[in-house]
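Take a look at the structures listed below.
Below, chain A partners chain B and then partners chain C, in two separate complexes.
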Partner chain A sequence: MINIQSLNKEFESRVRLGIMSILIVRDWVEFKELKSLLDITDGNLASHAGALEKNGYIQVHKEFVGKKPRTTYQVTALGKKAFTDHLSQLEKLMRQI
Partner chain B sequence: MAAKQLGNEPNDKVSMNRGNYPESPLDRPQSGQHKYEDDLSVIRSMMERSSRFISLSGLSGVAAGLIALLGGGYALYLVHREGRGYLSHTAMAYTTGFFTQLFVLAIVILVLAVAAATYFTVRKSKKAKLQIWTTTTRQLLSSLLVPLFIGGVACLALLFHGQTQLMAPATLIFYGLALMSASKYTFQEVYYLGLLESILGLISCFLVGYGLIFWIIGFGLLHITYGILMQRKYR
Partner chain C sequence: MINIQSLNKEFESRVRLGIMSILIVRDWVEFKELKSLLDITDGNLASHAGALEKNGYIQVHKEFVGKKPRTTYQVTALGKKAFTDHLSQLEKLMRQI
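And now, the complex of A and B:
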């Protein structure tokens, strides 16, 4: 039987899935680049990134370059594990279908 | 109400919920299978897009190749006008003026080819609305330019010692190695282009009288062929 409960609810949103996929293969990624890769609005990215941060899946680094604020993101060890678990679950489900 | 069917969006364009956050349940398609398939393709495409420079245009290869072809052809003409087979003679047989002429020609080809290649790649980036100057771009450029710079200095050393018969082979070998190193950050095909350039350079090492011919094949024809193949594959 397909057990949908085993899928991580945090990754149900495509935006969050996208953010995690990018951060898994990259080191620190800037807000601007993330936004252009995902092709979404500032607010959308900020809220989804905020949710992932709250779960401890990603960590946010804010700094000033001159007078401009720069926000960069990195995946945490917890986030890496959650994401790989999610991927294995997806694979399992795909095999069952 | 944004009741977009995420499951039916094409795979290459990542479809996202642009509506209100949190996501409405309506955004989720009823059938599970499509959602998982799409989830996986989103993951794959995001990993791919973020870790590789995918804006490298096939037209860049074609343009650079054409410029090399024209420039190389002109060099061939100059050499024949001097009445010598290319580099089958020692370097001392050439006058300094003739060498300066070839050197300036080489620099002009280089600048034009790089400019044309950059133009088409920037154009493709803009069309796809992708950021051009990213960490991946910097990694791509440094993995390309560092071996290329080392090779360039080695070529100047060859010139300095009058070993000009090995210059065309050396440029091909080092350029090929630079491409192989840069391929980590862009299309996999670049690796094979680099491999072919290097092999051509090695063959050319042993057939020194035909250096210019090999150079034209490597920088001209190979680039054009590569560019056309890429353009057809990824357009």
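And now, the complex of A and C:
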């Protein structure tokens, strides 16, 4: 039986896989660094990061550095658990092939 | 650098991951068997299988067995190549974590 229900729909998109893969091995990461590491547009990153935040998987910190706004992201404990579960289910599925 | 661009967008969805994982290790598989293995609705399977067919990743065979229509699917060479590439990129990404 291929158990796809155990895969987390919130991590289907490549962008979200990328965001979580980076945040899970780093502490706070800036918006522009995530954007360049993943080679995606501002809008694409903002919308997927927003969805991950809404699910409680990442947290967002916004501040001004001088006159400039700065947005940084960090994975939450909930996010770390959910993502590692997703990866182990993905590995399980790939081992069946 | 996390290279998410090398992940194939056509295989993002869990359903498509499931369909390809089954078809890549089996020959012709019937619609109803795929549906039960993946535990999804007719509509969900039909729409994702249709998209994979449009991309040339799977082929569909329709026939009547007595008065009953029968639909079976098989992965194509193109599909096998694209999916194995996708899986190796996924493994590469997961090894970086």
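Keep this in mind: the second predicted complex is superposed on the first by the 97 of 97 C-alpha atoms of A that agree within 3 Å, B and C clash if a C-alpha of one lies under 4 Å from a C-alpha of the other, contacts with A are read in each partner's own complex, and residues count from 1 in each chain.
Convention: a residue touches a chain if its C-beta (ideal position, glycine included) is under 8 Å from a C-beta of that chain, and two chains touch if they have at least 3 such contacts.
Being a predicted model, the structure only gives us computed values, none of them experimental.
Asks: Applying the document's definition of touch, where does A:L38 land relative to chain B and chain C: first, second, both, or neither?
Replies: Once the two structures are laid over each other on A, A:L38 reaches both partners.
Asks: In the superposed arrangement, does A:S47 touch chain B (first), chain C (second), both or neither?
Replies: first
Asks: With the two structures laid over each other on chain A, which partner does A:L90 touch: chain B (first), chain C (second), both, or neither?
Replies: So A:L90 meets both chain B and chain C here.
Asks: Touching A:K9 in the superposition: chain B (first), chain C (second), both, neither?
Replies: second
Asks: Just to be sure I read the superposition right, which of the two partners does A:I22 touch: chain B = first, chain C = second, or both, or neither?
Replies: After superposing on A, A:I22 lies in contact with both chain B and chain C.
Asks: Same chain A residues contacting chain B and chain C, which ones?
Replies: Overlap of chain B and chain C footprints on chain A: residues 2, 4, 12-15, 17-18, 21-22, 24-25, 37-40, 87, 90, 93-94, 97.
Asks: For a test of understanding, state which residues of chain B touch chain A in their complex under the given definition.
Replies: 6, 14-18, 21, 23, 28, 32-33, 36-40, 42-44, 46-47, 49-51, 129-131, 134-135
Asks: Under the definition above, what is the set of chain C residues touching chain A in their complex?
Replies: My answer: residues 1-2, 4-5, 7, 9, 12-15, 17-18, 21-22, 24-25, 37-40, 87, 90-91, 93-94, 96-97.
Asks: Touching residues of chain A toward chain B in the complex: what are they?
Replies: Listed in rising order, the residues of chain A that touch chain B are 2, 4, 11-15, 17-18, 21-22, 24-27, 29, 32-33, 36-41, 44, 47-48, 87, 90, 93-94, 97.
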